[in-house]
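You will see two complexes here that share chain A, one where it goes with chain B and one where it goes with chain C.
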Partner chain A sequence: MAHQAHSYHMVDPSPWPIFGAAAALLTTSGLIMWFHYNSSVLLTLGLISMLLVMLQWWRDIVRESTFQGHHTPTVQKGLRYGMILFITSEAFFFLGFFWAFFHSSLAPTPELGGQWPPTGIKPLNPMEVPLLNTAILLASGITVTWAHHSITEGNRKHAIHALTLTILLGFYFTALQAMEYHEAPFSIADSVYGSTFFVATGFHGLHVIIGSSFLTVCLFRLIKFHFTSDHHFGFEAAAWYWHFVDVIWLFLYMTIYWWGS
Partner chain B sequence: AGTGTGTGTGTGTEREREPGEGGEAAGSRSDGAAPPAGDLASDQEQATGLERKVLEAMNKGLVSGGCSLPPPPGEEDNSCVIWFWLHKGEAQRCPSCGAHYKLIPHELPH
Partner chain C sequence: GSYEFMSWKKKSGGFCFPHKGLKPIVSTESPALIFGTTTKLASDLPATDSFLGKNKVPDLQKIFQKADGLPVHLKRGVPDRLLYRTTMALTIGGTIYCLVALYMASQPRNQK
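So, the complex of A and B:
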């Protein structure tokens, strides 16, 4: 009968945590080697091993949950808390970069010409591509909600359509941002304006790529019938993350793009 | 309505839905039948392992969902937990309701 008298998941021994730590060490030291000694071997090794750990760790979680049934409501509750805490930590991460932006832009120094944007900087027009990007992410927030409703109603066809649309919108955003980066008249080296602009929007873009990847994995799992109309937390976590990415963009747009121009 | 002939654009064959069926949650079918091919299953249909055991116990009313509602009027109020140390040896009685409790060794089969 029952092999345990509780509804928690006592995970089997796994190599992924320590391999993940090793990958993190390779990646961080690899960054140093790349920044200071013009060598990208360690960084490449680090990123590849990080990717391999992520694929195999999350593959194991899908096996434990969907195929072995270890994710009881109790376990799911813990995962919900975990995802909320993680997203909160990411919010604080971005808070730092917004702080840096306001520190420099609210009291522009004489070196910048005592103004913001600094003398000589031609900021991007917030009413052009950035506004389109805002519309794209807002629309993707609607389509991901449509996908969620479709899942809870058991409608697989609509869920697949809506989630695919969400992912395509995410790719469209990324493509447009890449083009903007390429065409921008200023670079990251252009005073603290360039630093704050590209670090804040750059990390946001990275999170869009992460979120799109998460949603893509969910699309594969949706197609393969992993989710039920009641239990689909992987999708919910991806949707929460996606909404978070959208909100960060809205703050970026209002502060750096619009007020900052 | 019969089964539609699927042209398979990756979503499988789909049964034509009869009017009035749209929007019905997959898990709430009264006839207990499997959902039409191409739709998502419910936990009742697809859950496995310990998750399924918990689900079945909850359906049978053996285990609560976790929330504590006030008891209906007339029922005894059992919502306060009485804590006390239980020592090996002689059976002890709950200081509130007097039920007997005895500490015994027990190992789960594994």
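So, the complex of A and C:
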């Protein structure tokens, strides 16, 4: 049997890229059908197939690495570059929404009453739930680092405890934000204040949910002995993403919640 | 050889990889060695061995390294095939439905 004379991973032919592209088509055209023709069939199909593709594609990556051993140091280096590039692209995504916020808040128009917050808007008190949320995410950054150290030191029990705590803190943040959204005296329709507030914090909340899901998958893999003390890049990628989510929140808190109130 | 490479890794403890120097074949971690490390670590901590289940990774490694020519997304047989076919039905069927819906939406509407 011929062996490869290089340390790269030549993957098996896979249907997930093309199915993923189809799922994106269904989801986007599904949004159109839902907006304009009051039909959610396509959108539902799109979201379900997107979920199926993600599950199977990532399942296959776990199979290729943990069970088949294809993730050499070279492959891992490529994955590190990839994750860093992805997180950088997400940082630029949020940069756009911060730009929009400062565009509108640094020079408030007469229609807003020439002030920020605009006339009639009662902003959330940054020293109440938002401050608690800041403490929660900072604490979760500490617990995820504790989990990482536990993994590298081979301490299985501590790693599982620390990662579970991180995930619980993430859920606590999400629950508190959902409650804040429900109780807020202003809505997304309340001038550009509402737009910038809910779009920026809303996308952040979505990323918290994504990060919590990523960490939860890592918890299952940790329990199932997938990680070794030297090789646990899936966990590191999740931790990087989680720290990124935390940093975005700190910027949101300082600018939109605090300066903007 | 590669065994010496692995014991060097264990001595250094943490997360170290030799990025310098080109030793493509030698530095490629062969499957048996990575999983040898996993099993060794599990038995290094006998007290936590049974904490939340036992290590089934070596068994799964045997399944997924079987030389049956199956691609990784179908390697487990029936459950993989079922999921694959469901996904294919939803995406391909959905794409056809989508093209029909877009064709219909692009027809001019008559004034009532």
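Simple rule for what comes next: the second predicted complex is superposed on the first by the 259 of 261 C-alpha atoms of A that agree within 3 Å, B and C clash if a C-alpha of one lies under 4 Å from a C-alpha of the other, contacts with A are read in each partner's own complex, and residues count from 1 in each chain.
Here is the rule we go by: a residue touches a chain if its C-beta (ideal position, glycine included) is under 8 Å from a C-beta of that chain, and two chains touch if they have at least 3 such contacts.
Since we're looking at a predicted model, the values are computed, not measured.
Chemist: In the superposed arrangement, does A:R63 touch chain B (first), chain C (second), both or neither?
Modeler: So A:R63 only meets chain C here.
Chemist: Report for A:I188: first if it touches chain B alone, second if chain C alone, otherwise both or neither.
Modeler: In the superposed model, A:I188 contacts neither chain B nor chain C.
Chemist: What is the contact status of A:S49 with respect to chain B (first) and chain C (second): first, second, both, or neither?
Modeler: In the superposition, A:S49 contacts chain C only.
Chemist: Quick check for you: in the superposed arrangement, does A:A24 touch first (chain B), second (chain C), both or neither?
Modeler: Neither partner.
Chemist: For A:Y37, decide between first (touching chain B), second (touching chain C), both and neither.
Modeler: Only chain C is touched by A:Y37; chain B is not.
Chemist: For chain A, which side has the bigger count of touched residues, chain B or chain C?
Modeler: C
Chemist: Scan A:S7 for contacts with chain B and chain C and give back first, second, both or neither.
Modeler: Both partners, chain B and chain C.
Chemist: Have a look at where A:L131 lands relative to chain B and chain C in the superposition and call it first, second, both or neither.
Modeler: A:L131: touches no partner chain.
Chemist: On chain A, what residues does chain B touch that chain C touches as well?
Modeler: Touching chain B and chain C on chain A: residues 1, 5, 7, 67-69, 72-74, 152, 154-157, 160, 223, 225, 228-231.
Chemist: In the complex formed with chain A, which residues of chain B make contact?
Modeler: So the residues of chain B touching chain A come out as 10-11, 14, 23-27, 35, 38-43, 45-54, 65-66, 108-110.
Chemist: Can you tell me which positions in chain A touch chain B when the two form their complex?
Modeler: Listed in rising order, the residues are 1-5, 7, 67-74, 151-157, 159-160, 223, 225, 227-231.
Chemist: Along chain C, where are the residues that touch chain A in the complex?
Modeler: Touching chain A: residues 9, 13-19, 24-25, 27-31, 34-35, 37-38, 41-42, 44-45, 48, 51-53, 55-57, 60-61, 63-65, 67, 71-73, 75, 83-84, 86-88, 90-95, 97-98, 101-102, 105 of chain C.
Chemist: Across the complex, what residues on chain A touch chain C?
Modeler: 1, 5-7, 11-16, 19, 22-23, 25-26, 29-30, 32-33, 36-37, 39, 41-42, 45-46, 48-49, 52-53, 56, 60, 63-64, 66-69, 72-74, 76-77, 152, 154-157, 160, 223-226, 228-231
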